[in-house]
């Protein structure tokens, strides 16, 4: 009947590399031509998985026009079932690069394991580490060594403390270009896929010097809830959003039920600009 | 190995009294001179417990000046331990009434059990049912019979579906003046007291015709996080907030660590007005 | 960012009435002609709700023959939905008393609210407080005042610490005849209705001097899992079991999917006797 | 507001390789000279981490004498913090092999990432995949290809359904020598490190044809609770146990608070033999 360890209080020890005390003004992480963590709110948008050149160009043009700064799309998909669609691999990476060049959008894509890391480095501006890999420590250290910006998603079962210790694995390799992403935690609720932890946004901003973004698509799992939660995230102080957009959500190979259609995304961007201004920022 | 029942999909059955389909334009519930559920954002503020006339007048004047519409304060406190402070009882109710008359604020206070319901009816504009009583069905039916506005808090481990069925107990007695309150659910996280479920706001607004407010004080349990989460709630579509304010939080008899000091509350109200405007509403 | 309070370590403070340190040899609570908390394992069996005299006599005869010590059955049912069957009320209580007299079984039945407590006292040997009422503090104090044995179920969202503080409400009224019941907590798992916390059994036995029983029917919500979890509970040191049995589970008005049929219960009792012997006890 | 997918009912589809319907009599997996999944209960014991030859020989002799069938010990430790002890690497593996040869115990040790898999294959009888790697799909497929017996731990916040889909990754590579291990899930409870899901044992035995063991050390995180939960696991139908034993728990480099001392383990084995007999098995 021992006490369980828990968070140590008012702040993260300043001996930790992630601690806000080590860099009170905060860190800005490059995302193509902009940075995350400054006055500007950044938006990364795109489908769960890259399915075809046609799909990605359709998305890229729409989200660029609506004001997004980067495009996302899975090339290698970690799937709960071995029988699900697992991504187009390098073909997807090449498509992403084409979209980047044609539309002027940075590319964010997930690295699933060590073996494809060198390949992904050839194409991605930002390396995403997904929530299932938040404690894949070997992978964290390797992306740390690359020096490339990293978008690290909180595990769906991870405490804030564990999330920050995973960040420490990356920082301890000399790479401080890390974007933190809240994407919802697992609870007993059934209307939603996860429960987005909105308080994680101001908490992470206080404890660390790193930028914090929110993924409202996985965080709720419900398309109709994405706009409200996106607005809430910016109001809570998030530095950006990662939003699933698909040209035809009902035909998506994965996660269509939580993806916005192009017109929904465009309308949301206008609303977000108003919220950004209300908190002294711009989109 | 039976399937577990879960939420039935896109909407609550229209046979339920709470269903949005039964009243698409929504219900406005009276709160003193204003209503909850219309264009105006309402704010209910005050300490966890009524401690003294002096304390309550100090709070009342400050929150009124800052723009709050109602004062809250516990008269009978449901406490986890029988050895904790349990409230001043009717003395507290009399103080609340004096503050109402002097400051022009509506009074919201909790009914803990059937036995003091008649007494509370003499003093309160709105009857609060706390999260521990969300499934005290006898109490729900009795407050339903009174016809008085009710503020029902979601249980800390209740699904949205269970929350809505508890609302049905009140509505089925002919009382549709119910304000729903999201106040955080229990998870494994330890930096915060509860995890505020921000997606519950747009979800409840879609499923029901009732107004929805948020309690960021219990929802986070951390004073420093209250402003960000309050702003997020309004951005997500909440109709109001229930905020703990104490003239001297560090000396509060309960919940001081999550209460705002007067100057913090005043500053927050200015920020909230900006967010309200950004979503087409006013404070 | 304050620390969250949590359990205080190796033991419950000896100033608490529930503490094992106050009565190292443990407390035995009367259940009709036997006691709970001694060498004997006790079994309380019966349907979720009393539906008819015929049903209850059928159950009573079967469970008595199989070796059960008490019969259970709901007279007033707390239901999540106001539109569900809520019990036969005093008629059910009269049936339970007849079964007791005819079969020689003690009667355990739930008290749902203060208003029917006097009536239930006329019929019940043990007052059950259900998990939704674990923090109905007014009710806890009143059953404490009666001096009647109480079976208190852990709330589905309650920590062990909160459970023990609720027990303190009863003990502080001078009534130490309290049986603790683990009945599963709410988690994200979907194959089962709740997750039975088996470690709560040895933990409660160490921290308190009170007897501990397990409800495997609600704890799993799945008939096929009840036998294994019942055996596990006795092996873990439980003093007894509360098992749902229905003469025709598929036609039960409530909880049929988790009720054992008579022949299943009879077979289980034989297996339980073997486990009881293996841990130095008898059934 | 879509329905969330959930478990599909009474059984796992027979098209899945893991389904009990594909092999009703069950699978026995080799563990050195014995098998897991037959009449015999198997016990794997040892420290969290291999710290020295002296430590491991002390443990090996004690657990062998007490009746254990295999020794465990971490060579590469996945640690939440990059600043914690991470294991002795190949030196630890060599020590484990010496203990195996000297004591006649099979060796179970964890594979943390793809890079050290070839090395671990030179030393281990059974490859353990830890709970943080339950969804490291690349690693699952690689251990599947080796054909070596695998001990797969359930993730600390994985549903049974997700656990079984991860198993499918291994089976789909032609390796059906998989031992399932329940090790506790994360909940809100604070007296214990995790909440051991005892119902997972009979549930997994019904749904799959694979052997199921329990890790009561991580499952509770509390040394004093390990004996009771071990007995419960065998009574519930588990095919074996994975127990942390350390020659001097208070000086262990990791997890000492949940490790049994040698005399505690020896006493437990005697009690387990009695429970095994009560359920028609032997130790």
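A few comments on the model shown:
For clarity, chains are labelled A, B, C and D in written order, and residue numbers in each chain start from 1.
Rule of thumb we're sticking to: a residue touches a chain if its C-beta (ideal position, glycine included) is under 8 Å from a C-beta of that chain, and two chains touch if they have at least 3 such contacts.
Just so it is clear, the structure is predicted and the values come from calculations on it, not from any experiment.
Here A-B and A-C are compared, and the pair linked by more C-beta contacts is A-B. Chain A and chain B have Cα centroids lying 33 Å from one another. In whole angstrom, the spacing between the mean C-alpha positions of chain A and chain C is 47. Within chain D, residues 1-2, 4, 6-7, 157, 186-188, 190-192, 203, 206, 222, 224-225 each touch two or more of the remaining chains. Chain-to-chain contact here is organised exhaustively, every possible pair of chains being in touch. By the touch rule above, chain A contacts chain C in their complex via residues 1-4, 6-11, 186-188, 203, 206-207.
Partner chain C is touched in their complex by these residues of chain D: 6-7, 157, 159-161, 185, 187-192, 195-199, 201-203, 206, 219-220, 222, 224-225, 227-229, 231-237, 271, 274-275, 277-279.
On the chain A side of its complex with chain D, the touching residues are 1-2, 4, 6, 78-83, 112-115, 132-133, 135-139, 141, 156-157, 162, 165-166, 168-169, 172, 186, 190-193, 221-222, 224-225, 257.
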